[in-house]
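Each of the next two complexes has chain A plus one more chain, namely chain B in the first and chain C in the second.
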Partner chain A sequence: MNNRLKVLRAERNWSQAELADRLGVSRQTVNALETGRYDPSLPLAFRIARVFEQPIESIFLED
Partner chain B sequence: MPSPKPPRIARNPALRYVAVMAACMVFGGIAGAGAAVMGELRAVSVAMMAFVIALGMAGVIWMCVWWWRGLDEAAREAHKWAWWWGSTFGLAIGGIVLLTGMVVIDAEQAQTAFAAYDPVDLIQGGVFSVILVQTLGYAFAWVFWWARHR
Partner chain C sequence: MTSDERTLHPALKIGGLVLLALIGAAVGAATARFIDAAALPADDALNLFVGVVLIGMGVVMGGILALRPTEVPKGCGLLQILVLTLAGIVLIVPIYGTNWLSAEVSMAIVLGLLAIQTVANVMMFRQADEMLRRVMVETGALAFWVLQLALFVYAASERLGLVEGITAWGMIGIMMAVYMVASAVAGARRGLK
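Our next item is the complex of A and B:
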(Lines of atoms letter the chains of each structure in order from A and count residues from 1; the text may use other names and numbers.)
(Lines give C-alpha, C1' and ligand atoms only; values in the text may rest on other atoms or scores of the structure.)
Protein backbone atom coordinates (compact mmCIF):
# COMPACT_ATOMS: atom_id res chain seq x y z
CA MET A 1 0.00 0.00 0.00
CA ASN A 2 1.29 3.48 -0.90
CA ASN A 3 1.08 6.41 1.47
CA ARG A 4 1.84 10.14 1.74
CA LEU A 5 3.52 9.95 5.14
CA LYS A 6 6.89 11.27 3.98
CA VAL A 7 5.31 14.25 2.21
CA LEU A 8 3.05 15.09 5.15
CA ARG A 9 5.97 14.83 7.57
CA ALA A 10 8.18 17.03 5.36
CA GLU A 11 5.40 19.67 5.15
CA ARG A 12 5.50 19.92 8.93
CA ASN A 13 9.31 19.84 9.16
CA TRP A 14 9.18 16.86 11.48
CA SER A 15 11.98 14.35 11.73
CA GLN A 16 11.21 10.64 11.68
CA ALA A 17 12.04 10.53 15.39
CA GLU A 18 9.59 13.37 16.10
CA LEU A 19 6.79 11.66 14.20
CA ALA A 20 7.64 8.38 15.94
CA ASP A 21 7.28 10.17 19.29
CA ARG A 22 3.89 11.60 18.32
CA LEU A 23 2.67 8.18 17.17
CA GLY A 24 4.17 6.23 20.08
CA VAL A 25 6.20 3.93 17.82
CA SER A 26 9.91 3.53 17.07
CA ARG A 27 11.78 5.50 14.38
CA GLN A 28 12.39 2.21 12.54
CA THR A 29 8.64 1.66 12.34
CA VAL A 30 8.11 5.15 10.88
CA ASN A 31 10.79 4.36 8.30
CA ALA A 32 9.13 1.05 7.42
CA LEU A 33 5.77 2.84 7.06
CA GLU A 34 7.19 5.61 4.86
CA THR A 35 8.86 3.19 2.47
CA GLY A 36 5.50 1.42 2.11
CA ARG A 37 7.00 -1.88 3.16
CA TYR A 38 4.94 -2.15 6.31
CA ASP A 39 1.19 -1.58 6.40
CA PRO A 40 -0.05 -0.25 9.75
CA SER A 41 -2.84 -1.78 11.79
CA LEU A 42 -6.17 0.06 11.84
CA PRO A 43 -5.53 1.61 15.30
CA LEU A 44 -2.15 2.95 14.13
CA ALA A 45 -3.65 4.20 10.85
CA PHE A 46 -6.27 6.12 12.87
CA ARG A 47 -3.50 7.55 15.10
CA ILE A 48 -1.60 8.67 11.99
CA ALA A 49 -4.76 10.30 10.61
CA ARG A 50 -5.30 12.11 13.92
CA VAL A 51 -1.69 13.35 14.08
CA PHE A 52 -1.88 14.76 10.52
CA GLU A 53 -5.51 15.86 10.95
CA GLN A 54 -6.51 14.21 7.69
CA PRO A 55 -8.84 11.33 6.78
CA ILE A 56 -7.18 7.92 6.45
CA GLU A 57 -8.08 7.60 2.76
CA SER A 58 -6.15 10.78 1.94
CA ILE A 59 -3.00 9.40 3.58
CA PHE A 60 -3.08 5.76 2.46
CA LEU A 61 -3.65 4.90 -1.19
CA GLU A 62 -4.33 1.54 -2.81
CA ASP A 63 -1.64 0.20 -5.17
CA MET B 1 -9.75 11.11 33.70
CA PRO B 2 -6.50 10.98 35.75
CA SER B 3 -4.89 7.54 35.94
CA PRO B 4 -5.01 5.89 39.38
CA LYS B 5 -1.89 6.33 41.53
CA PRO B 6 0.28 3.17 41.59
CA PRO B 7 0.77 1.56 45.00
CA ARG B 8 3.52 3.09 47.19
CA ILE B 9 5.75 0.03 46.81
CA ALA B 10 5.70 0.34 42.99
CA ARG B 11 6.70 4.02 43.14
CA ASN B 12 9.62 3.64 45.55
CA PRO B 13 12.62 1.59 44.22
CA ALA B 14 14.23 1.34 47.70
CA LEU B 15 11.02 0.04 49.21
CA ARG B 16 10.67 -2.44 46.34
CA TYR B 17 14.22 -3.69 46.94
CA VAL B 18 13.53 -4.17 50.65
CA ALA B 19 10.28 -6.02 49.82
CA VAL B 20 12.11 -8.41 47.44
CA MET B 21 14.83 -9.02 50.05
CA ALA B 22 12.21 -9.65 52.73
CA ALA B 23 10.35 -12.08 50.44
CA CYS B 24 13.65 -13.92 49.74
CA MET B 25 14.33 -14.17 53.48
CA VAL B 26 10.86 -15.55 54.15
CA PHE B 27 11.14 -18.12 51.32
CA GLY B 28 14.68 -19.02 52.42
CA GLY B 29 13.47 -19.45 55.99
CA ILE B 30 10.59 -21.69 54.91
CA ALA B 31 12.93 -23.78 52.72
CA GLY B 32 15.49 -24.09 55.53
CA ALA B 33 12.85 -25.02 58.10
CA GLY B 34 11.34 -27.55 55.70
CA ALA B 35 14.74 -29.16 55.13
CA ALA B 36 15.47 -29.23 58.89
CA VAL B 37 12.13 -30.82 59.81
CA MET B 38 11.82 -33.29 56.95
CA GLY B 39 15.51 -34.05 56.50
CA GLU B 40 17.14 -34.55 53.12
CA LEU B 41 14.14 -36.32 51.61
CA ARG B 42 14.35 -36.62 47.82
CA ALA B 43 10.67 -35.72 47.41
CA VAL B 44 11.17 -32.51 49.41
CA SER B 45 14.26 -31.43 47.46
CA VAL B 46 12.48 -32.19 44.16
CA ALA B 47 9.46 -30.14 45.31
CA MET B 48 11.75 -27.26 46.36
CA MET B 49 13.58 -27.41 43.05
CA ALA B 50 10.26 -27.39 41.14
CA PHE B 51 9.08 -24.42 43.23
CA VAL B 52 12.29 -22.44 42.64
CA ILE B 53 12.20 -23.17 38.87
CA ALA B 54 8.49 -22.20 38.72
CA LEU B 55 9.28 -18.97 40.59
CA GLY B 56 12.14 -18.22 38.17
CA MET B 57 9.96 -18.96 35.14
CA ALA B 58 7.18 -16.74 36.51
CA GLY B 59 9.74 -13.94 36.87
CA VAL B 60 11.01 -14.46 33.31
CA ILE B 61 7.44 -14.49 31.93
CA TRP B 62 6.62 -11.32 33.88
CA MET B 63 9.69 -9.63 32.35
CA CYS B 64 8.69 -10.88 28.87
CA VAL B 65 5.18 -9.43 29.26
CA TRP B 66 6.64 -6.10 30.43
CA TRP B 67 9.10 -6.09 27.48
CA TRP B 68 6.39 -7.12 24.95
CA ARG B 69 4.07 -4.32 26.08
CA GLY B 70 6.86 -1.81 25.38
CA LEU B 71 7.20 -2.89 21.74
CA ASP B 72 5.33 -1.18 18.94
CA GLU B 73 3.32 -3.17 16.38
CA ALA B 74 6.07 -3.43 13.72
CA ALA B 75 8.58 -4.72 16.28
CA ARG B 76 5.99 -7.27 17.46
CA GLU B 77 5.31 -8.31 13.87
CA ALA B 78 9.07 -8.83 13.32
CA HIS B 79 9.28 -11.07 16.38
CA LYS B 80 6.17 -13.07 15.46
CA TRP B 81 7.45 -13.57 11.92
CA ALA B 82 10.90 -14.55 13.19
CA TRP B 83 9.35 -16.89 15.77
CA TRP B 84 7.40 -18.79 13.12
CA TRP B 85 9.63 -18.76 10.02
CA GLY B 86 13.01 -18.51 11.76
CA SER B 87 12.35 -21.30 14.24
CA THR B 88 10.76 -23.50 11.57
CA PHE B 89 13.60 -23.06 9.08
CA GLY B 90 16.21 -23.30 11.85
CA LEU B 91 14.76 -26.62 12.95
CA ALA B 92 14.45 -27.84 9.35
CA ILE B 93 18.04 -26.96 8.43
CA GLY B 94 19.33 -28.22 11.78
CA GLY B 95 17.35 -31.42 11.23
CA ILE B 96 18.94 -31.95 7.82
CA VAL B 97 22.43 -31.50 9.32
CA LEU B 98 21.75 -33.75 12.33
CA LEU B 99 19.97 -36.50 10.37
CA THR B 100 22.63 -36.46 7.63
CA GLY B 101 25.25 -36.64 10.37
CA MET B 102 23.55 -39.77 11.74
CA VAL B 103 23.77 -41.42 8.32
CA VAL B 104 27.41 -40.40 7.77
CA ILE B 105 28.61 -41.55 11.22
CA ASP B 106 28.03 -45.30 11.65
CA ALA B 107 26.81 -46.77 14.94
CA GLU B 108 30.21 -48.14 15.98
CA GLN B 109 31.92 -44.78 15.47
CA ALA B 110 29.15 -43.03 17.40
CA GLN B 111 29.45 -45.44 20.33
CA THR B 112 33.21 -44.83 20.50
CA ALA B 113 32.81 -41.07 20.20
CA PHE B 114 30.08 -40.74 22.83
CA ALA B 115 31.20 -43.48 25.24
CA ALA B 116 32.91 -40.97 27.51
CA TYR B 117 29.71 -38.93 27.99
CA ASP B 118 26.98 -39.43 30.54
CA PRO B 119 23.59 -40.30 28.92
CA VAL B 120 21.97 -37.37 30.76
CA ASP B 121 24.58 -35.00 29.25
CA LEU B 122 23.83 -36.42 25.79
CA ILE B 123 20.08 -35.84 26.23
CA GLN B 124 20.78 -32.29 27.43
CA GLY B 125 23.09 -31.80 24.45
CA GLY B 126 20.29 -32.90 22.12
CA VAL B 127 17.81 -30.50 23.73
CA PHE B 128 20.26 -27.59 23.58
CA SER B 129 21.16 -28.33 19.94
CA VAL B 130 17.44 -28.03 19.03
CA ILE B 131 17.18 -24.77 21.01
CA LEU B 132 20.38 -23.51 19.37
CA VAL B 133 19.26 -24.09 15.76
CA GLN B 134 15.86 -22.53 16.51
CA THR B 135 17.47 -19.50 18.14
CA LEU B 136 19.90 -19.07 15.25
CA GLY B 137 17.02 -19.31 12.76
CA TYR B 138 15.03 -16.80 14.85
CA ALA B 139 17.93 -14.32 14.89
CA PHE B 140 18.50 -14.60 11.12
CA ALA B 141 14.77 -14.24 10.39
CA TRP B 142 14.48 -11.18 12.68
CA VAL B 143 17.38 -9.44 10.92
CA PHE B 144 15.90 -10.45 7.53
CA TRP B 145 12.47 -8.97 8.43
CA TRP B 146 13.93 -5.59 9.39
CA ALA B 147 16.25 -5.56 6.35
CA ARG B 148 13.25 -6.22 4.09
CA HIS B 149 11.14 -3.49 5.73
CA ARG B 150 13.76 -0.74 5.75
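Our next item is the complex of A and C:
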Protein backbone atom coordinates (compact mmCIF):
# COMPACT_ATOMS: atom_id res chain seq x y z
CA MET A 1 0.00 0.00 0.00
CA ASN A 2 1.28 3.48 -0.85
CA ASN A 3 0.88 6.46 1.43
CA ARG A 4 1.50 10.23 1.54
CA LEU A 5 2.94 10.30 5.05
CA LYS A 6 6.32 11.70 4.10
CA VAL A 7 4.76 14.52 2.05
CA LEU A 8 2.23 15.40 4.74
CA ARG A 9 4.95 15.38 7.41
CA ALA A 10 7.27 17.53 5.29
CA GLU A 11 4.45 20.05 4.69
CA ARG A 12 4.21 20.52 8.45
CA ASN A 13 8.00 20.50 8.85
CA TRP A 14 7.80 17.75 11.44
CA SER A 15 10.65 15.34 12.06
CA GLN A 16 9.99 11.61 12.14
CA ALA A 17 10.52 11.75 15.89
CA GLU A 18 7.91 14.51 16.27
CA LEU A 19 5.36 12.56 14.25
CA ALA A 20 6.21 9.40 16.22
CA ASP A 21 5.52 11.28 19.47
CA ARG A 22 2.17 12.52 18.19
CA LEU A 23 1.18 9.00 17.10
CA GLY A 24 2.58 7.25 20.18
CA VAL A 25 4.82 4.93 18.16
CA SER A 26 8.58 4.61 17.67
CA ARG A 27 10.57 6.66 15.12
CA GLN A 28 11.44 3.36 13.43
CA THR A 29 7.74 2.67 12.90
CA VAL A 30 7.22 6.06 11.25
CA ASN A 31 10.22 5.35 9.01
CA ALA A 32 8.85 1.90 8.08
CA LEU A 33 5.43 3.42 7.30
CA GLU A 34 6.94 6.12 5.09
CA THR A 35 9.11 3.67 3.16
CA GLY A 36 6.22 1.26 2.62
CA ARG A 37 7.81 -1.47 4.72
CA TYR A 38 4.91 -1.64 7.13
CA ASP A 39 1.17 -1.21 6.72
CA PRO A 40 -0.47 0.18 9.87
CA SER A 41 -3.30 -1.44 11.79
CA LEU A 42 -6.73 0.22 11.50
CA PRO A 43 -6.42 1.96 14.92
CA LEU A 44 -3.03 3.43 13.92
CA ALA A 45 -4.38 4.46 10.50
CA PHE A 46 -7.20 6.34 12.26
CA ARG A 47 -4.70 8.04 14.59
CA ILE A 48 -2.64 9.10 11.56
CA ALA A 49 -5.77 10.50 9.89
CA ARG A 50 -6.63 12.45 13.06
CA VAL A 51 -3.10 13.88 13.39
CA PHE A 52 -3.09 15.09 9.77
CA GLU A 53 -6.80 16.05 9.86
CA GLN A 54 -7.47 14.21 6.62
CA PRO A 55 -9.58 11.17 5.71
CA ILE A 56 -7.75 7.84 5.69
CA GLU A 57 -8.36 7.31 1.96
CA SER A 58 -6.53 10.54 1.12
CA ILE A 59 -3.44 9.38 3.05
CA PHE A 60 -3.31 5.67 2.14
CA LEU A 61 -3.62 4.67 -1.48
CA GLU A 62 -4.05 1.22 -3.01
CA ASP A 63 -1.18 -0.08 -5.16
CA MET B 1 14.65 18.97 4.00
CA THR B 2 13.12 17.62 7.20
CA SER B 3 14.85 17.94 10.54
CA ASP B 4 15.59 14.16 10.52
CA GLU B 5 17.77 14.61 7.48
CA ARG B 6 19.46 17.63 9.04
CA THR B 7 20.31 15.94 12.35
CA LEU B 8 22.14 12.89 10.96
CA HIS B 9 24.73 13.71 8.31
CA PRO B 10 25.34 10.78 5.90
CA ALA B 11 29.13 10.88 6.53
CA LEU B 12 28.49 10.62 10.26
CA LYS B 13 26.13 7.71 9.68
CA ILE B 14 28.65 5.86 7.48
CA GLY B 15 31.44 6.63 9.95
CA GLY B 16 29.35 5.20 12.77
CA LEU B 17 28.63 2.03 10.82
CA VAL B 18 32.33 1.59 9.95
CA LEU B 19 33.29 2.12 13.60
CA LEU B 20 30.72 -0.46 14.72
CA ALA B 21 31.99 -2.92 12.09
CA LEU B 22 35.58 -2.44 13.28
CA ILE B 23 34.63 -2.95 16.93
CA GLY B 24 32.61 -6.05 15.96
CA ALA B 25 35.54 -7.45 13.99
CA ALA B 26 37.98 -6.81 16.86
CA VAL B 27 35.69 -8.41 19.48
CA GLY B 28 34.97 -11.36 17.14
CA ALA B 29 38.68 -11.94 16.47
CA ALA B 30 39.57 -11.68 20.18
CA THR B 31 36.81 -14.15 21.10
CA ALA B 32 37.89 -16.59 18.37
CA ARG B 33 41.51 -16.42 19.58
CA PHE B 34 40.39 -17.01 23.15
CA ILE B 35 38.27 -20.01 22.11
CA ASP B 36 41.26 -21.44 20.19
CA ALA B 37 43.67 -20.88 23.08
CA ALA B 38 41.28 -22.36 25.67
CA ALA B 39 40.59 -25.38 23.40
CA LEU B 40 36.89 -25.28 24.33
CA PRO B 41 34.55 -28.04 23.16
CA ALA B 42 32.42 -27.05 20.14
CA ASP B 43 29.20 -26.55 22.16
CA ASP B 44 30.94 -24.34 24.76
CA ALA B 45 32.69 -22.40 21.98
CA LEU B 46 29.41 -21.71 20.20
CA ASN B 47 27.61 -20.62 23.38
CA LEU B 48 30.53 -18.42 24.44
CA PHE B 49 30.61 -16.78 21.01
CA VAL B 50 26.84 -16.19 20.94
CA GLY B 51 26.97 -14.92 24.55
CA VAL B 52 29.71 -12.40 23.69
CA VAL B 53 27.78 -11.26 20.60
CA LEU B 54 24.60 -10.74 22.66
CA ILE B 55 26.45 -8.75 25.34
CA GLY B 56 28.17 -6.75 22.58
CA MET B 57 24.77 -5.98 21.02
CA GLY B 58 23.57 -4.81 24.44
CA VAL B 59 26.57 -2.47 24.73
CA VAL B 60 26.00 -1.09 21.21
CA MET B 61 22.31 -0.58 21.97
CA GLY B 62 23.33 1.34 25.08
CA GLY B 63 25.56 3.59 22.97
CA ILE B 64 22.79 4.19 20.43
CA LEU B 65 20.31 4.98 23.18
CA ALA B 66 22.76 7.46 24.73
CA LEU B 67 23.39 9.18 21.38
CA ARG B 68 19.79 9.14 20.13
CA PRO B 69 17.50 8.94 23.17
CA THR B 70 13.90 8.09 22.44
CA GLU B 71 10.83 8.31 24.68
CA VAL B 72 8.52 6.16 22.56
CA PRO B 73 7.89 3.32 23.22
CA LYS B 74 8.61 4.16 26.86
CA GLY B 75 11.41 2.08 28.41
CA CYS B 76 11.74 -0.28 25.45
CA GLY B 77 15.37 0.68 24.75
CA LEU B 78 16.51 -0.02 28.31
CA LEU B 79 14.56 -3.28 28.42
CA GLN B 80 16.16 -4.38 25.16
CA ILE B 81 19.63 -3.71 26.59
CA LEU B 82 18.74 -5.70 29.72
CA VAL B 83 17.29 -8.62 27.70
CA LEU B 84 20.30 -8.83 25.36
CA THR B 85 22.89 -8.56 28.14
CA LEU B 86 21.19 -11.12 30.39
CA ALA B 87 20.72 -13.52 27.45
CA GLY B 88 24.49 -13.31 26.87
CA ILE B 89 25.38 -13.76 30.55
CA VAL B 90 23.17 -16.86 31.02
CA LEU B 91 25.01 -18.49 28.11
CA ILE B 92 28.41 -17.82 29.70
CA VAL B 93 27.71 -18.63 33.39
CA PRO B 94 27.27 -22.40 32.80
CA ILE B 95 30.70 -22.52 31.09
CA TYR B 96 32.72 -20.66 33.74
CA GLY B 97 30.50 -20.66 36.84
CA THR B 98 32.05 -23.80 38.33
CA ASN B 99 35.53 -22.19 38.20
CA TRP B 100 34.53 -20.11 41.23
CA LEU B 101 31.23 -21.52 42.51
CA SER B 102 29.50 -24.87 42.97
CA ALA B 103 27.30 -26.19 40.16
CA GLU B 104 24.22 -25.65 42.35
CA VAL B 105 25.02 -21.99 43.05
CA SER B 106 25.86 -21.42 39.38
CA MET B 107 22.52 -22.95 38.39
CA ALA B 108 20.69 -20.80 40.95
CA ILE B 109 22.32 -17.70 39.41
CA VAL B 110 21.29 -18.86 35.92
CA LEU B 111 17.68 -19.40 37.06
CA GLY B 112 17.57 -16.01 38.79
CA LEU B 113 18.92 -14.19 35.74
CA LEU B 114 16.59 -16.15 33.48
CA ALA B 115 13.58 -15.10 35.58
CA ILE B 116 14.60 -11.42 35.36
CA GLN B 117 15.20 -11.77 31.62
CA THR B 118 11.81 -13.39 31.06
CA VAL B 119 10.00 -10.62 32.95
CA ALA B 120 11.95 -7.98 30.98
CA ASN B 121 11.05 -9.76 27.71
CA VAL B 122 7.34 -9.77 28.56
CA MET B 123 7.49 -6.10 29.64
CA MET B 124 9.26 -5.19 26.39
CA PHE B 125 6.57 -6.94 24.32
CA ARG B 126 3.79 -5.19 26.23
CA GLN B 127 5.38 -1.73 25.93
CA ALA B 128 6.48 -2.03 22.29
CA ASP B 129 4.42 -0.40 19.57
CA GLU B 130 2.56 -2.48 16.98
CA MET B 131 5.39 -2.70 14.43
CA LEU B 132 8.03 -3.72 16.98
CA ARG B 133 5.62 -6.39 18.27
CA ARG B 134 5.13 -7.59 14.71
CA VAL B 135 8.92 -7.89 14.30
CA MET B 136 9.13 -9.94 17.53
CA VAL B 137 6.32 -12.25 16.38
CA GLU B 138 7.87 -12.67 12.92
CA THR B 139 11.25 -13.41 14.51
CA GLY B 140 9.70 -16.16 16.62
CA ALA B 141 7.85 -17.62 13.63
CA LEU B 142 10.91 -17.57 11.37
CA ALA B 143 13.19 -19.06 14.04
CA PHE B 144 10.66 -21.80 14.81
CA TRP B 145 10.26 -22.68 11.13
CA VAL B 146 14.04 -22.93 10.54
CA LEU B 147 14.73 -24.78 13.81
CA GLN B 148 11.95 -27.38 13.47
CA LEU B 149 13.16 -28.10 9.95
CA ALA B 150 16.78 -28.43 11.10
CA LEU B 151 15.77 -30.55 14.11
CA PHE B 152 13.79 -32.92 11.94
CA VAL B 153 16.64 -33.35 9.46
CA TYR B 154 19.12 -33.88 12.29
CA ALA B 155 16.83 -36.30 14.19
CA ALA B 156 16.21 -38.39 11.08
CA SER B 157 19.96 -38.47 10.34
CA GLU B 158 20.70 -39.52 13.93
CA ARG B 159 18.07 -42.26 13.83
CA LEU B 160 19.64 -43.57 10.63
CA GLY B 161 23.07 -43.57 12.28
CA LEU B 162 24.44 -41.00 9.87
CA VAL B 163 25.44 -38.38 12.47
CA GLU B 164 26.68 -38.44 16.07
CA GLY B 165 24.69 -37.21 19.06
CA ILE B 166 24.62 -33.54 20.02
CA THR B 167 24.36 -32.10 23.53
CA ALA B 168 21.36 -30.06 24.70
CA TRP B 169 23.91 -27.32 25.45
CA GLY B 170 25.00 -27.37 21.81
CA MET B 171 21.36 -27.23 20.67
CA ILE B 172 20.77 -24.11 22.78
CA GLY B 173 23.78 -22.43 21.14
CA ILE B 174 22.42 -23.28 17.68
CA MET B 175 18.93 -22.10 18.66
CA MET B 176 20.22 -18.75 19.94
CA ALA B 177 22.39 -18.26 16.84
CA VAL B 178 19.42 -18.98 14.55
CA TYR B 179 17.22 -16.66 16.65
CA MET B 180 19.74 -13.81 16.27
CA VAL B 181 19.83 -14.27 12.49
CA ALA B 182 16.00 -14.49 12.36
CA SER B 183 15.79 -11.29 14.41
CA ALA B 184 18.17 -9.50 12.01
CA VAL B 185 16.16 -10.69 8.98
CA ALA B 186 12.77 -9.74 10.46
CA GLY B 187 14.14 -6.33 11.54
CA ALA B 188 15.76 -5.64 8.16
CA ARG B 189 12.45 -6.35 6.37
CA ARG B 190 10.95 -3.43 8.33
CA GLY B 191 13.97 -1.20 7.85
CA LEU B 192 15.30 -1.59 11.41
CA LYS B 193 19.07 -1.13 11.68
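In this section, the second predicted complex is superposed on the first by the 63 of 63 C-alpha atoms of A that agree within 3 Å, B and C clash if a C-alpha of one lies under 4 Å from a C-alpha of the other, contacts with A are read in each partner's own complex, and residues count from 1 in each chain.
Methods note: contacts are C-beta pairs under 8 Å (C-beta built on N, C-alpha and C of every residue); 3 or more make two chains touch, one makes a residue touch a chain.
Please read all numbers here as calculations on a predicted model, not as lab measurements.
Participant: Based on the superposed arrangement around chain A, label chain B with chain C as either clash or fit.
Facilitator: clash
Participant: Among the partners chain B and chain C, which is in contact with a greater number of residues of chain A?
Facilitator: Between chain B and chain C, C touches the greater number of residues in chain A.
Participant: Per the contact definition in the header, classify A:Tyr38: touching chain B only (first), chain C only (second), both, or neither.
Facilitator: A:Tyr38: touches chain B and chain C.
Participant: So, does A:Thr29 touch the first partner chain B, the second partner chain C, both, or neither?
Facilitator: Once the two structures are laid over each other on A, A:Thr29 reaches both partners.
Participant: Would you check which partner chain A:Trp14 touches, where first means chain B only, second means chain C only, and both and neither mean what they say?
Facilitator: second
Participant: Would you please give the residues of chain A that touch chain B in one complex and also touch chain C in the other complex?
Facilitator: Looking at chain A, the two contact sets intersect at 24-26, 28-29, 31-32, 35, 37-38, 40-41, 44.
Participant: In the complex, go through chain A and note every residue touching chain C.
Facilitator: Per the touch definition, chain A meets chain C at residues 9-10, 13-18, 20-21, 24-29, 31-32, 35, 37-38, 40-41, 44.
Participant: Which residues of chain A touch chain B once you look at their complex with the stated criterion?
Facilitator: Residue positions touching the partner: 24-26, 28-29, 31-33, 35, 37-38, 40-41, 44.
Participant: Show which residues of chain B lie in contact with chain A when the two form their complex.
Facilitator: Residues 72-75, 77, 146, 148-150 of chain B touch chain A in their complex.
Participant: Given the complex with chain A, which residues does chain C contribute to the contact?
Facilitator: Those in contact with chain A are residues 2-4, 7, 70-73, 76, 128-132, 134, 189-192.
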